[in-house]
Amino acid sequence: MIVVMKPQATEEQIQQVIQRIEDYGLRVHLSKGTEVTILGVIGDDRIINRDQLVHMEGVDKLIPVLKPYKLASREFHPEDTVFEVKGVKIGGEQVVVIAGPCAVESREQILEAAQKVKEAGAHMLRGGAYKPRTSPYSFQGLGEEGLKYLKEASEKTGLPVVTEVMDIQTLPLVSEYADVLQIGARNMQNFPLLHAVGESQKPVLLKRGMSSTLEELLMSAEYILTHGNQQVILCERGIRTFENYTRNTLDINAAPALKMLSHLPVFIDPSHGTGRWELVEPVSRAAVAAGADGLIIEVHPRPDQALSDGAQSLTPERFASLMKTLVPVALAVGRSL
Amino acid sequence: MIVVMKPQATEEQIQQVIQRIEDYGLRVHLSKGTEVTILGVIGDDRIINRDQLVHMEGVDKLIPVLKPYKLASREFHPEDTVFEVKGVKIGGEQVVVIAGPCAVESREQILEAAQKVKEAGAHMLRGGAYKPRTSPYSFQGLGEEGLKYLKEASEKTGLPVVTEVMDIQTLPLVSEYADVLQIGARNMQNFPLLHAVGESQKPVLLKRGMSSTLEELLMSAEYILTHGNQQVILCERGIRTFENYTRNTLDINAAPALKMLSHLPVFIDPSHGTGRWELVEPVSRAAVAAGADGLIIEVHPRPDQALSDGAQSLTPERFASLMKTLVPVALAVGRSL
Amino acid sequence: MIVVMKPQATEEQIQQVIQRIEDYGLRVHLSKGTEVTILGVIGDDRIINRDQLVHMEGVDKLIPVLKPYKLASREFHPEDTVFEVKGVKIGGEQVVVIAGPCAVESREQILEAAQKVKEAGAHMLRGGAYKPRTSPYSFQGLGEEGLKYLKEASEKTGLPVVTEVMDIQTLPLVSEYADVLQIGARNMQNFPLLHAVGESQKPVLLKRGMSSTLEELLMSAEYILTHGNQQVILCERGIRTFENYTRNTLDINAAPALKMLSHLPVFIDPSHGTGRWELVEPVSRAAVAAGADGLIIEVHPRPDQALSDGAQSLTPERFASLMKTLVPVALAVGRSL
Amino acid sequence: MIVVMKPQATEEQIQQVIQRIEDYGLRVHLSKGTEVTILGVIGDDRIINRDQLVHMEGVDKLIPVLKPYKLASREFHPEDTVFEVKGVKIGGEQVVVIAGPCAVESREQILEAAQKVKEAGAHMLRGGAYKPRTSPYSFQGLGEEGLKYLKEASEKTGLPVVTEVMDIQTLPLVSEYADVLQIGARNMQNFPLLHAVGESQKPVLLKRGMSSTLEELLMSAEYILTHGNQQVILCERGIRTFENYTRNTLDINAAPALKMLSHLPVFIDPSHGTGRWELVEPVSRAAVAAGADGLIIEVHPRPDQALSDGAQSLTPERFASLMKTLVPVALAVGRSL
C-alpha cells in the first residue's frame, strides 16, 4: 500500500502515520517528492485497516498495490483449476454447456427440456426450483417439488444438475439434489450464504452481481475458497449499464480478464447477458471465441408459455442449431465442445 | 399493458395474441396504425406473464402502463405513512436523524458514540453488529455481543436502535435488540429475508441497492408490505456510477421522486452516498432541502481508529456542528429537526 | 406513439390531447381501461413534439412505438449496405481489418507501421493526425504533417487510410488525405460535424459515444444519411461503466443488435474497448464470432515509445499472430478474412 | 507517479524503467517490498508519457499521485474565483439564478419569458439559438434570428444573456450577442471548441458531459484556462446512469466536491438533472443547500407548446414560487439570492 500525504502535511503527522504502520509490524519506505511525500508500506499490508489510516491528519489518500484477494489469484495458484462434476470436466480443454429452463415449471416440462438439451449435446442441466423475482407477484418456483423433478430429469439423461440456492435454510435440501450450487447475481455479496456454500464443499457456480466489479467477484470467490472449497466457477452474466435495448450489457472483456487474474474456470451466461433470444446465438459464439470455459443457456420447450425469462429462452430447435455452430468456433480457438 | 406487433405480423398472429390475453379474463383494444398494430390490454394486467407474450409469433414488444407495485404506491395510499418508534415519529413534520458508528466495536465505543450523538440532538442510534464486508479478511462485526452493547447504549440514552440484519438465522436474535431492522443495500433483493422481516412486523429501514432502480426499490418494499407490515422506511444511499472520486453517487432526485411515487417515508444516507466525511455535511443539508424525512449518518468517537468506514465517519464534534446547521435548513423547507 | 393519461384525467383533458394530435393531421385511437385511458396515435407521429404533449394537463406519459430513426433502420432498407473503399469491400462476406498506430508520430513510425500491418494482412491503415486528448498537456497530433505521412504510407502499401476529423475547419484538409473519415466517440453527437461529413459524401466510420445508447448511435448515423451519404460504418468501441479494470466495457451485444436494427456495416474496436493489449486478441476473436463486419486495432512498432495509447497497442508481431488466429474464427462463422 | 513492477520483474527491467524516468530529468525512489518493487517518481511527472511506461517489460501498473490539472485546482489558486458579468457577481456570496426557455422559439416567447423571469428575481437570461438535438428531425434552433431576439430581451430587462455555442464557425457571431458562452454537455470534450472559447476571453459556462468524471470536467476547464481566460463556470447537469425514472441522475456530491477541488464557481442545472418539472423545485433547493454558486433553470411561458424540453420546463408562475422558497434556503447556508 502507498500512503500519499497532503502537500501541507507536517513532519509530525508524517511520523504519526509511520508509527501507526509500524505498529502493525510492517516497514515504511519514505519518499519526499517536490510536491508531496509518499510512504510505501513494505510487507503484507492486507492487515492494515485502511479506513482508519485515511482519517489520520495529513493523509491525502491510500493506494493499494497488492490485490485484495489471494486464494483466487493466479499468482497464488498459477495452474488452471480443473475439477470434475459427475464425469464432466470443468475448466479443461472442453467447453462445457449447461442448458435448461430458467425455472422448473412441471415434471413434464423439465423432463422434456432435459431430454432435448441432452440430445443437442449439452453437458449439464440447469433449472431453478427457488427463483429470485423482482416482484412478489411473480412465480417464485416450485421449491422441493421442483428439485425432485430435476433429480428425475438428471437420472433419466445422465446430466448433472445446476440449480440455484437462495438462502441457508434451504441449502441442505438443495444440496441433496444439486450437483452444482448456483449463487445468483443478487446473492453474490450475500456473505453468510457464501460462507455456507464454502463449508458445503459442493461445486459452486458464482454469478457476478449486476453491478459488481471483477475484483468484487473475486473477493466473493475468496469467501468460498477460505473454506477449502476449490470447486468454484466464476460466471459473467451481464452488468447493468445505461443501455436498455438489451437487458444487461454482457462484459465480454471479463472472460479473458478473469482468466488472467484467476485460476478458476470462467463461464458466460448469454441468456441474461443479452435478455433477447435473437442475440443469444451470436453472443454464445463470441463467448467461446473469447476463451470462456463454458456457457449457461436458457432453453425452454415452449418459451411462449414459460413462467419466467421466456424472452431470452431458446427453443430446443434453436439450441440444437446453436450447438452445431459452436463446434467450429471451439475448434478455431483450440477447444472442443 | 400495450402489445406492439411487428410490422409484418399476420392477422392470425394478432388473433392468437388477443386470444391469449382474453384467456386471462382481460379485454383487448385493437389499434391498426399505418405501420404497426398495437393491442391495448384493458383490466389489471399484472397477472399476465410478460415473458411468455413476448415470445409469441408476431409480437415486437410489450409496454407496461400500470406500475408493477401497488401497496407501496401513492395512488393506492394517498396519505403519507407516519409511524412511531419508541416515541420518535417517522414520516411526520420532524426530520429524524439516525446517527452512530458503522460498526459496534466495543462497549466503550458505542456508549460514547451514543452519548455524543444524543447530546448533539440525534433521535435514533445506529451501529452494526453483523457487517457485510467485501473481503473475508475484514472485521465482520461483534455479533450478539455487539447487540448487547447497543441495547445498553440505547437504555442509557433513550435512543431507539437501528441495526442491520443480514440473514434469517439471526433475525430472531437481532429482533430482540433492534427497534428498527436495517436491510442493507446488498440485501435489497434478498427476497427470503424481505419476506421474513415483513412477517416480523418490526419497522424496517430498507436501503436501495447500489444498482437498483427506484421501481425495484419499491418492489422490494412491496415484498414487506404484502405481509401487512406497513412500517417501512425507504433509504437512498447512493448508487454505483462511473464517477470514482466519491464512493457512490448520491441520487438526490430519489428523495422527491420517491415521495411522489410512494407514501412511505424516505431517508437519505449521506455517509455512504459520498464516502467522504468532508462531503457529508453539505450533502446532508441538501438532503433535508430536497424533502427527505430523515438522515442516517455515521459518527465515530475516533474515526482514525474505526474498524470500518472511517473515511466517511464524522467526529462527534463535526456531527454536533452539522446538526446546528441543519436546523435553519429544515425550517427553510417547513420542517423541524 | 401512445399517450397514457393520468387516472384522474378529465374527459375535457382527454379531448384536448386528442385535438392537439389531430391538429398534426394524425388520427387517435381511444382505449378506456379500468384504471387508465390510453390514446394510440395512428400515422407517422415522428412529427409530434413530445415535449409539448407531456406537459398537457392530464397526460401521464408518452410511449414511443416507432423507431425514431428511419434511413438507418433495417425496416426501411432490408438489405445489408455494402460499399467499396479503394477496392476494399465493406459490409460484405470478408471481415475487414483496419490497423495502425493511435497517432501518427513521425514519417518513419507510420511507414513502418503501415508496412508491418500490410504484411500481416490488414486491409486498411489507421492513424490519427488530429488527436482528441483529455489533457491539454498531452500530445495533440502532428496535424497536416501527419496527414502527409499517412498518404505516403498509403501509397507505399496500397492500404486505404482511415483517420479522424475533429472539426469542420479541418474537414476539407483531412478529406484530401483520408479515404474514410473517422468520427471519434467524443464527437458522436457533434451535430454540425455530422452534417458536414454527411455533405462530404466520403465514407464515414462513426464511433459510438462512450455513454451513448444504440438508438442514439443510429440517430447520429441518421444525421449523416439525411445528406444522401450512405457510406456509414457503425463502430462499437466500448462504453463507460463502473468496471475499472478495463478502460471501457466492450458491448459485444452491440454487434448482433446493430445488425438486426440496421443495414449499415458494424465494426468493433477491441483496443479502446479493453484498453489493455493482453485482452485485444481474445476480444478480437469474440468480435468476429459475434458477427462484426470488421475490426479496428491499434498497432505500434514500439508501444513502449508510443505518444498515446501505448497500453492498448499491439506490437507488429502480436498483430501478425492475432491475424493468423482470426482466420479460423472467421471461417467458423462463414466469413473470410 | 508510482510505478508498480510485476512480482517477477528482473533487476535489469527495473533499471531500464528507472533510466527511462531519469531521461525526463526526474528522480526515482526505489522501494523493494516483500512481494513487489515500487518506484516513486520525484518531480513534476505530468511530462511523462504514461502509455509508454506501462508497456515496458516488467511494469505492472502506474498510479498517478499528482492531479492532472493545475490551473483549475484549488491548490494552485486557493481563493475562490469571482468575476462579474454586466454587474452580476459570479462565485460570490449571492446565489445567481439563470432562467429562461430551452430554446428561443419566437420574439414574443423570449420577450415574455425574459420579462417573467426578471420579475421573479432571476439574474441572467438563458435561451438557445443553436440547439444540439439527438434527432435530425427535431427543431434545431432559430440561429442568428434567435440571437437577435435574445439581445432584445436582454436590453429590455437588463438581464445578461447565457447562450450555447456549438461550433467554432458560429463562435464570432454568438460572441456578439452572448454575455456568457455555454458549452453544452455533448461538447465538453470538443477540444477545438474549448481552445476557441478560451481564446475568446468571454465568460464560459462549461457543462459536465453526461458520462464525464469530475476530473475530466476539470481537465476541460484547464483547456480554457490555458488561454488565460479565468472566467469559467463549472456546471453539474446530471450524469447518465441506469436509473430511467429521471432523465439524468443529478450528482449532488459534485457541488461540494468541485468546490473542494477547484476555485472555480459551480452551478447546478436541476432541469436537465431531473428531466421532470415536478422535481426541479425540491432539487433546486437541494443544490443551494449543497453550496452551489448558482442555478440554471428552464422556464417557458407555455411548456405545453415548447419546441424542446417542455417536460422539464417550469411555468413562470411555478418559477416565481420556486424563487420565493429558495430565499430562506440560501439564508440558511449563509448566502443571499
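Letters are used for the chains, namely A, B, C and D, taken in the order the chains are written, and counting of residues starts over at 1 for each.
By our rule, a residue touches a chain if its C-beta (ideal position, glycine included) is under 8 Å from a C-beta of that chain, and two chains touch if they have at least 3 such contacts.
According to UniProt, the chain labels map to these proteins: A, B, C, D = 3-deoxy-7-phosphoheptulonate synthase.
In this text, all values refer to a predicted model and were calculated from it rather than measured experimentally.
Student: Quick check: more C-beta contact pairs in A-D or A-C?
Tutor: Looking at A-D and A-C side by side, A-C shows more C-beta contacts.
Student: Farthest chain from subunit A, going by the mean of C-alpha atoms per chain?
Tutor: D
Student: How big is the gap, in whole Å, between where the Cα atoms of subunit A centre and where those of subunit B centre?
Tutor: 26
Student: Would you mind pulling out the distance in Å between where the CA atoms of subunit A average out and where those of subunit D do?
Tutor: About 38 Å, centre to centre.
Student: With centres defined as the mean C-alpha position, give me the subunit A-subunit C separation in Å.
Tutor: 31
Student: Spell out, as numbers or ranges, the residues of subunit D touching 2 or more other chains.
Tutor: Within subunit D, residues 211, 240-242, 244 contact more than one other chain.
Student: Which label fits the chain touch graph of this model best, line, ring, star, complete or other?
Tutor: complete
Student: Quick check on the complex: what are the subunit A residues that touch subunit D?
Tutor: Where subunit A meets subunit D, its residues are 2, 4, 7, 29, 31-36, 38, 40-44, 63, 65-66, 75, 211, 240-242, 244.
Student: In the complex, go through subunit B and note every residue touching subunit D.
Tutor: 211, 213-215, 239, 241-246, 249-253, 255-257, 260-261, 273-274, 276, 278-279, 282-283, 285-291, 325, 328-329, 331-333
Student: Taking the touch rule as given, give the residues of subunit C at its contact with subunit D in the complex, in rising order.
Tutor: Per the stated touch rule, the residues are 46-47, 49-57, 68-69, 132-137, 139-140, 166-169, 186-187, 189-193, 209-211, 216, 219, 222-223, 226, 240, 277, 303-311, 313.
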